[in-house]
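Okay, got some structures for you below.
Presented sequentially are two complexes of subunit A, the first with subunit B as partner and the second with subunit C.
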Partner chain A sequence: MKEEETLEETEKYAVDSLEDESSSGDAARIAKYILFRTLLLMMSVVIGVYLVILVANMGGQVDDIRRAEISYNVSMQLMAMQDQLGDMPAEERREFERQLREREERRLGLDQPFILRSFVYLRDALTLDLGRAEQLTSDTGSRRVRRIILERLPPTLLLMITSFFILFFIALFVALFLSRRYGSKLDRAIVTLAPTSAAPSWFYGVFLILIFSTVAGILPRGGMVGAPPPEGTLPYALSVLRHAILPVTALVIAGVFIQIYNWRTFFLIYSQEDYVEMAKAKGLSRRNIELKYILRPTLPPIITSFAMALIFRWMGSIVLERVFNWPGLGRMLFEAIGLYDVPVIVGAQVIFAYLLAFTVFFLDIIYAILDPRVKVGQGSEGGKA
Partner chain B sequence: MRFFKRRLNELKQYPSAIVGIILISIFILTSIITVINIPYDEAIRLWRGGRVWEKTPANARPVWVDWFTSDDKSRTLNIDSTEKEGMQIVEDLNGLQRFEIELPFDYQFDGFPKEINIFMESEFVNNSPSASITWITPDGREFQSREFSVGQSRNFRFERDDNVRRAFPDQIVRQGLFGIPDQEQQVNKGEYKILISGYTFNEEDIVEAEAVLYGEVHGIAGTDHRRRELIVSLLWGIPIALMFGVLAAIGATVSTFIVAAIGVWYGGKVDSLVQRLTEINLVIPLLPILVMVGMFFSRSLWVILVVVILKGVFSSAVKTYRAMFLQARNADFIEAAEAYGASNIRVIFFYLIPKIIPTLVPTFITAIPVYVFLEASLAMLGLGDPVLPTWGKMMNDALNQGALYMGHFYWVLQPAVLLMLTGLSFAMTGYALDRIFNPRLRRL
Partner chain C sequence: MEERKYLDIEDIELFFSTSEGTVRAVDKVSFGLPRGESMVVVGESGCGKSSLGNAILRLLPRNTEKYEGHVFLNSEDLMSLSDEKFRHDIRWNRLALVPQAAMNSLNPVIKVQDQVAEPLLVHDMVDNKEQAKDRVVKSFRRVGVPTDFLQRYPFELSGGMKQRVSIAMSLVTEPDIVILDEPTSALDMLTQANIMNVLKRIKEELGISFILITHDIGTSSEIADRAAVMYAGQIVEYTDARNFFGDPLHPYSIKLMSSVPRLDVDKDLDYIPGQPPSLLNLPEGCYFAERCHKRFEKCSQEPPLFEVEDDWHVKCWLYK
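So, the complex of A and B:
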């Protein structure tokens, strides 16, 4: 939490230094920027999801699967009504079945032209109202895609948010530390290790399972809680924590070296600026120089590079959850692939689009707060050196 | 050209780049040799599996494991009658011939074989020959199977035979056959003999037999649960990974580069269209899209490649390139080109893009591992190419078969190490090049 103070401190400094801008004007600028970005992101999500639906239904796969599902349901319905229909002639019975099927297809909007249907699908997708999963169920037994997704969301968020925070602070502090000790052995080691970040997190996960679970046997090899789940909140939380160690470590290892390398380079570039030399000549303390003259102007580009890294990490997390059997969205997608569960697969697209948009949005807010130059219409490349 | 030569000289100062380039060269060389020695069709046929692999053990460790263990692990032994004396007629009984096939072998391993199979083939005129198999241990004990009809071809599982099983009521048959009596787990080393004797019903009839003792270790890379030798997919994984990575990286970086240049040159609406498309593209998740394509359309690596490139056109790198092009746009020589009346296309492709190309090279090389691992990620979700042997599919198979928990580490580690080396070699080279081509980083 020390970091938040740091940010506040630097923020104060920024506002002081820009005397021509009052702090209320600043708030208005940020609000306007955030509103603009929100609208833009919302539009992006809508268009993105629409594209997803177009691709998903290219050649009518979604329709076909829906139809197959309908006729299956109808025949099940008929079987259940066997007693009442027992003496119905075969001809009449077929006609009845056809009527049932048509009614069901009309109900689901399958008789409308694709353009109209696609917008129905778009609305359903955006509200995650994707009907029923074909095979998967939520832990409470529900088949509703929205329920399944919302149930799987918290474990994924737990994993990702924890690792993002750990990644951010480790990378920031080590990068600052290394920029001070540029050329030391540790610095060289990190620079040499930077290329290892080319591998995704699940890849390191496999090695971690092998070392800490199979060989050493000190940590669980997968899952989110022990079986049976421990009674009481605290033991439960501890069990989750124990299970989270390896996946979080894998996520951090996969991202941390490249992040340190990038940020250290940023710090080094900025620490060679003339105004830093000036500050040094003035005899300001090193802490002061680092916070106000180096960290402050580098934060916007750092946030941008972090956003890109996070988007990349989200994708890695899908396979990571499959490797660690972590009951989140990634494993849901993996299970849906195995069961050919189309509604869940389309639902996964939508929820990941939302997650990516939220990641961008969240970092945009931080960016707007940090960079006094950001204005509506200028986009977010204002901080690029 | 001189520019690149000078850069190449600078490269020598970066040991990581040299290691990277050497590794890349080794990979390229190995893939050329592989593709020549195991042609594409052959690789697919081998990887489809089935009867091709009936004479290799399942889940056998690689031979190199044996170098690190104190005892001598058993290897696969093939004792083929056509290479030995073959079929001998020992007695002629009026149109009925008694024949014998001797299959002697010397067993000197500390470990027991994984399985014992005897493959028999016969050519006959009217009636199929019949035979029974006798196992003779070095100390002269004999175990005889029941009599069976050979047929045109037969795979006789010696340990499953009722007679043989009855001889070892409370022991694993293999250990009984190879062990020293009353001393379990100890192999009785020495000259064994498998004697196949039986009758043919015509003088022309021929019987051939091959005994296979499946080893605990097999091949340079071991075998998987479907008896396939892993070396096939380890080797073929190299050209596939390189091809996929390089093509995807070229497609994605070059197209992004061109799009950014066009946006900057025309400016205004075109530029903002490029930027909006980039933002939309940013929130479309790549891996789920590929999952969807793999599920609904095709799992072919080529289709996936096309989708990856299309998805990469408006990648987030547009922003970085835009910043560079914005700087280059105001250069004097571009103004000069405009003044002499060069067309827009000409300015973009002959003046604007060449100016920035050096920055493209490191980005392109650093992007390759991302795509190599992307293929592996897809395979890990069960959406690997259905026919091609790739590293990702191998790891997926291994994890599905519980290799990590069953102790089949080689199955996971071999493709993992190769993936890591491929990724590292390109990444190391890319980072070094980045410093050389971006002078601002060079001092750091």
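So, the complex of A and C:
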């Protein structure tokens, strides 16, 4: 019945006036969505970081270790001061030792309950006030965790962003190509290779190093730049590029087959939609159908699946950087774990949490632009998306 | 050979390969349709109606094994055209389709006006986007879609509106023939009646021929000039609509007509016992014999399509 009512009103509407209204509606929809997603992502970062703090401190157990460490240090100190304290009565001596210990504990905040301190840590972590490292130093010798991390961030970003883009475009085009040749030999080969993505990137890294640097000797086995670093921007960039080939390849190999397989399946499913058949009936060219009727509606789920894959890749990069001796966050985290350097571990996790949140956020924006059905808060008028 | 009709279908055969063997979905179907006239194709589900409609537009699924026969449009043999030429010159230029699942036949991420305008643009029927837009607006008005829906996405429309948009899309290029594949089957009664009225008006205004594929015999009588009854991939009766809706001859048509609910006559609805034969395993002789209430010995042989009266073809031995 509602349709009948709107029918009569038909003539009232002018076409042009509606266009602006609608496009501003689009922008408002996207803005609203982004705001909502930002809040949600911030919450997950907070929760994630807090969990890291709890785990890195073993829920407070680390305090006991540190207390034991302090009392050990203090008694060593006293032993070193044996000459001056030689005639001190035992009771006074114990009292002095206790004072020294308490002073050290207060300095480190160990006199307060862990749960209270954990929130202070959380605040500091989120504002990137990451404190001082216990063992690690930056290349310039600083102990500030923030400086150490910021120094290691660019190499990681270089590696990750390059490989993400390469992975995305290779997978997209090969998947599209295969969906046209469903059931061909190449298609079956890729499907067979898909399980290779179960192995992490560093696994392939080891083989790549073996083949291309140990046996063939054509590419460097690790590091980010030749030693000594070449003079001038261009030679330097070329050297970095040469060093990046193997790790990027490892990252791409580890992800590409499963990604192609996934997306090819998406394309196949979506190419059986009724509107694709309709587009064919309308006389659209093959290319047009592929772009507007298969690729375009498939992009939202593709972006989602890529976001998932990216999260997985971030994790894999930690060991990969170690294998390739790539001076990034991953290698730093690896070292920090080895040295039990809690501030650095927490700091690295905070940065990873932020990086992940940014990745997801970025993809969310793309998603909102791509899919007009994405809405938050309000119930849509059409109602049946 | 008599003079060709505007649309003349000759011996169309369509085979699909399935995991259980080859299936003949359309079995030597022939009919002619004069310009401006509309026909209705009725029959049970799975009797090849939709396959026939899609085949005329050369929309063949992946598992098509063989597609043969002739389709003449204004005496031009469409089967001899290359795929590319067929796509460009015939699809939507001369023949358009409102597919069975019209609700899902709109791309979810493109605004409806752009989708409706697409055929105009790909077939170079307009000089610029402004013209295209004018034609879209005209087409929307024609089928009763409010023009403020132009900027909407399909998910913002109700089922009836999507159906109308699909019809608007099929009419936007003003083709000669529009094949409507069950255009009202998923809609409520009011919307159904509404859409049939729209179609009737358009037929009168534009002189477009409709080929209405449906199992809803009641509503189809509104716009049909001719009627074809399909059973197991074959046309078993083809005649003028008045003949068919008044007094059909083929036993299957008779049963089909008496299964339509009527308010003016108080009677139990008739039905046909059994199922249509599996297309994989067709019986010898007349395909309908097994379920037929007038079966006799002759039915073990396949009957040809007899011309009972002028322009009244029935595939049954009763009318030899």
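By definition in this document, the second predicted complex is superposed on the first by the 298 of 385 C-alpha atoms of A that agree within 3 Å, B and C clash if a C-alpha of one lies under 4 Å from a C-alpha of the other, contacts with A are read in each partner's own complex, and residues count from 1 in each chain.
The rule is short, and it goes like this: a contact is a pair of C-beta atoms (placed from the backbone, for glycine too) under 8 Å apart; a residue touches a chain by one contact, two chains touch by 3 or more.
For clarity, every value in this text was computed on a predicted model and none was experimentally measured.
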{"item": "If touched residues of subunit A are counted for subunit B and for subunit C, the larger one", "value": "B"}
{"item": "First (subunit B), second (subunit C), both or neither touched by A:109", "value": "neither"}
{"item": "Which of subunit B and subunit C A:353 touches, first, second, both or neither", "value": "first"}
{"item": "Partner chain(s) touched by A:338 [first = subunit B, second = subunit C, both, neither]", "value": "first"}
{"item": "Subunit B versus subunit C as contact partner of A:280, first or second or both or neither", "value": "second"}
{"item": "Subunit B versus subunit C as contact partner of A:230, first or second or both or neither", "value": "neither"}
{"item": "Partner chain in contact with A:207 - subunit B first, subunit C second, else both or neither", "value": "first"}
{"item": "Contact residues common to both interfaces of subunit A (with subunit B and with subunit C)", "value": "380-381, 384"}
{"item": "Complex contact set, residues of subunit C against subunit A", "value": "57, 59, 87-88, 90-93, 96-97, 99, 101, 104-110, 118-119, 122-123, 133, 137, 141, 144-148, 150-153, 155-158, 160-161, 166, 169, 190-191, 194"}
{"item": "Contact footprint of subunit B on subunit A as seen in their complex", "value": "40-41, 43-45, 47-48, 51-52, 55-56, 58-59, 61, 182, 192, 194-200, 202-203, 206-207, 209-210, 213-214, 221, 264-265, 268-269, 308, 311-312, 314-316, 318-319, 322-323, 333-334, 337-338, 340, 342, 345-346, 348-349, 352-353, 355-357, 360, 379-381, 384"}
{"item": "Of all residues in subunit B, those that touch subunit A in their complex", "value": "16, 275-276, 279-289, 291-297, 316, 319-320, 322-323, 366, 369-370, 373, 376-377, 380-383, 395, 399, 404-405, 407, 409, 412-413, 416, 419-420, 423-424, 426-428, 430-431, 440-441, 444"}
{"item": "Complex interface listing, subunit A residues touching subunit C", "value": "1-4, 6-7, 9-10, 13, 15, 18-19, 22, 273-275, 277-285, 288, 292-293, 296-297, 300, 370-373, 380-382, 384-385"}
